[in-house]
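These are the structures in question, set out in turn.
In the two complexes that follow, chain A is the common piece, with chain B as its partner first and chain C second.
On to the complex of A and B.
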């Protein structure tokens, strides 16, 4: 049996496990209702806040589209990053299975990738729901036939690689903590602020704005809006063409993956050195 | 000699800001292929640390360890293709999965073909009395059933070397027997398979293992077949003395001339002393100490030596005392 086939089987099983864990906690109908209501409520809270603050002043529609598109696609980071990094500590603390997965021949990367992929499937559903409902209810200028799908999909593919890489490295780092509850959300919360999901990064203080410009998420958000809204999109980088933004996304994604690999390798070594894989934690 | 597992001067130190604990202190071990090898010792002796290093979960502080001829530090990925580990006393499992599904899923992490493994899972579930629970969620299983399921998880992947870390701890008598029977049967199926078992149940090691290493405070204090280890105390007279509760007596008994070793455990309100006497004549000295203590004698009997006696002789104290220390 070739190693590739064996790893593929492990990957499929990990994906199935990830899906079961994220969906099997309740009845299917309740899960569907939850999956629809959760992203919608998160998006509409922001929309209502924005409406109240702006008072429906003229010219605010463009920012509403900026906000909704950012929030819709943010679910990929939220589910992917928090879900995957929490999943690692959950496998250790709640199910006590991490050590068995870790000592199996399935490459730990492959397992985590599969485990995270299921989260991204939930995120995709969430993004579509928010976009469709918001486009209809708020009359956003998104036209299905006018969307630049190649740009949207290629940018999203790169960004999701970066998200998974960051989540794996972060999840391994979380193994250091005896009480690791909520750190996944903390990490995704920090990314939320510096990713340009809800406001342009130019409004951030200097250091944070510089930090944000090193993140692939910012360029991804920019390309999402350009592909969805075309010329009506508020641009965070008006001086850059689509190609320039894509180039920045590629470079920052590669850099993020390299950094994530280094952190992951270091954290993995630390985990074996300190015996963290099966450490008793306050789950 | 075909060696399945070997360690050389294996040492592991746990360091924290406040203290340093030496869990393994220079372990030299050779386990032959096809052996059921027991690592016996009290809680905290270093048994689990040894297993964790061998299954690539933990790095040693120094020394070397080889599994199936592979270095567990440098060749850990290759090692993982050849081993499986089962730990007892844990409420493990992805609770939302069904038993059959969880077992299948694990076989996939080992890259096994589905059709073949499904048949194997059904057979093992049947043999361990879990067939009716096969489609139940893992979260609905009793702890004993989970432990059996965990053993099946280890067996279905057909490892060359199976590591069992306290596999029967907290199991009832029947379930523990089922587990031991299955391990024996699994070994009999293929003579090249090897089992390394940690336990602090002397009876289990005696019954199940071809050879045993007695570990205490991170060191191997003796190793050999159970019969060889018991031989070490064969020349002693082993006397069990049951006394009513009272003042501490163990040190006074140990000081009696002719008492080679002594240990005590409490059971049902009675103190049970196990005495190793170098000659029967030492018993009169023991009785004088007991009379002087004011305790009542509830029973005295001479018996054949066990592994527990070998442990007491080698360490100077019983397992329970070592755990408290």
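On to the complex of A and C.
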């Protein structure tokens, strides 16, 4: 059997496993409700906060669209980052199978990529439902035929690579801890603040704003809004063209993946040296 | 040989179950970090949303007070409601069931320890967020606000005991159900905005959660100008009623579900 076939089989098995773990605890309908309940509630919270301040003044659709699009697409980070990094820890502590993954023919990266992809499938469904519900209920200026799909898909592809890369590195770092409950959510919470998902990064103080501008998530959020809303999008980078923002997304994604690879390699070596891969953890 | 009375065992159980939480609240650093930073980060994110909207300063106070009670809600969900689920996974639940005490006493001990644990986390949220963003509060009605806070926390942990008995029935889905009780509850309880904005129907539904009325009452006292959802006196009465109702309900449901769990062998069934 060729190496490529072995990797492909590993990838398929990992994707299927990830999907089963995240979805087979209940009936499909309950799973769909569960998947959209959190992002939909988060969107409602922001809509009410905005309405309380704006007082329902006319011309508020653009800012509501800014908030809703950020929350809807944040599901990808929530599932992809917190879900995958928690998944690595669960594979070791709860399911006690991480050591078998390490000893299998599939490369560990391939396994994690498959695990992450399954998480992103749930996120995609959640994002679409939140966008559709919010667009109809709030009459947001989003028109399915007017969306710049090539820009949306290419930006999302790059950003999700970065998210999966960060999650892999962070998940491996979490292997150092005996008890890592809640750390996946903590990591995604920090990213939430510096991603421009629910407020422009210009509101942040200097250091945080600089840190945020180094993250690919900010440029992804900007491109999501531009592709969904066109000229009606509220822009975080009004001086930059779409191409400029895309270039920044490419550069920050490449830098993030490089950094993630270095951290991953270091954490992996530490885990092997210290015998952390099959360590009993606090489950 | 003299055996201790049932009452003595009951109270000793409460103290024994609360003890690890008192000690663990500062010994387990990984918990300390997540339990403090998770509500703090959520609070900071929402403060920046209001800042981006150029909201009046008192709205920042709304968010911080929401963050304070959020620490309690997270404790109720992850350390009360799901606790028997974790205990079952760790093999402790069967030991509890065999011990010469009641699960009710164990739940009360968990609640007592949980309140202390959350108090330390929420104090950190209040202190850090208020200092970072220069948020001030009216101290004229501080004592009544503290009184309502104590009542709200009592009602909340009574609700936590009801949820703990319900979660005895859940298996792997317990994790997801607990997860689903976060943002939707933040929304229904008005953690980040005045409860009045929810309207009568949604706000009324949200009032089944003690946090909703407690938060609104505390805001009315320490943040003058808060839009009133229900008159303060009525909110206090409703919270007291909730303490009694959830307290009684928790004992009834615990007895019933414990019996059912014994019949279905769920007390020893591992969840994975």
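Simple rule for what comes next: the second predicted complex is superposed on the first by the 277 of 283 C-alpha atoms of A that agree within 3 Å, B and C clash if a C-alpha of one lies under 4 Å from a C-alpha of the other, contacts with A are read in each partner's own complex, and residues count from 1 in each chain.
Throughout what follows, a residue touches a chain if its C-beta (ideal position, glycine included) is under 8 Å from a C-beta of that chain, and two chains touch if they have at least 3 such contacts.
Just so it is clear, the structure is predicted and the values come from calculations on it, not from any experiment.
S.K.: Following superposition onto chain A, is the placement of chain B relative to chain C best described as a clash or a fit?
M.R.: On the superposed model, which is not a single observed complex, chain B and chain C fit side by side.
S.K.: Could you tell me if A:272 is touching chain B, chain C, both of them or neither one (first, second, both, neither)?
M.R.: After superposing on A, A:272 lies in contact with chain B but is clear of chain C.
S.K.: Which partner chains sit in contact with A:12 here, chain B, chain C, both or neither? Use first/second/both/neither.
M.R.: Touch partner of A:12: chain B, not chain C.
S.K.: Under the superposition described above, what is the C-alpha centre angle at chain A formed with chain B and chain C, rounded in steps of 10 degrees?
M.R.: In the superposed arrangement it comes to 80 degrees.
S.K.: Which of the two partners, first being chain B and second being chain C, lies in contact with A:198: first, second, both, or neither?
M.R.: second
S.K.: Kindly classify A:53 by the partners it touches after superposition: chain B alone (first), chain C alone (second), both, or neither?
M.R.: Second partner only, chain C.
S.K.: Looking at A:240 after the superposition, I want to know if it touches chain B, chain C, both of them or none. Which is it: first, second, both, neither?
M.R.: After superposition on chain A, A:240 lies in contact with neither partner.
S.K.: Quick one: is A:25 in contact with chain B, with chain C, with both, or with neither? Answer first, second, both or neither.
M.R.: both
S.K.: Is A:95 touching anything from chain B or chain C once the two structures are fitted on A? First, second, both or neither.
M.R.: Both chain B and chain C are touched by A:95.
S.K.: Applying the document's definition of touch, where does A:138 land relative to chain B and chain C: first, second, both, or neither?
M.R.: A:138 contacts neither chain B nor chain C.
S.K.: Going by the contact rule set out at the top, does A:185 touch chain B (first), chain C (second), both, or neither?
M.R.: second
S.K.: Which value in Å is the smallest Cα separation between chain B and chain C when the structures are fitted on chain A?
M.R.: Between chain B and chain C, the shortest C-alpha distance works out to 5 Å.
S.K.: Of all the chain A residues, which ones make contact with chain B and with chain C?
M.R.: Residues common to the chain A contacts of chain C and of chain B are 25, 95, listed in rising order.
S.K.: Would you tell me which residues of chain C are touching chain A in their complex?
M.R.: 28, 30-31, 33-35, 37-38, 41-42, 44-46, 48-55, 59, 89-90, 171-173, 176, 179-180, 182-184, 186-187, 191-194, 197-198, 272
S.K.: Sort out for me which residues of chain B touch chain A in the complex.
M.R.: Residues in contact with chain A: 14, 52, 55-59, 77, 80-81, 83, 85, 87, 90-97, 104-106, 108-113, 153, 157.
S.K.: Which bits of chain A are touching chain C when the two form their complex?
M.R.: Chain A residues touching chain C: 25-26, 34, 37-39, 41-42, 44-46, 48-54, 67, 94-95, 177-183, 185-186, 189-190, 192-193, 198-200, 203-204, 283.
S.K.: Looking at the complex, which residues from chain A come into contact with chain B?
M.R.: 1, 3, 5-7, 9-10, 12-14, 16-17, 20-21, 24-25, 95-97, 99-107, 111, 269, 272-273, 275, 277-278
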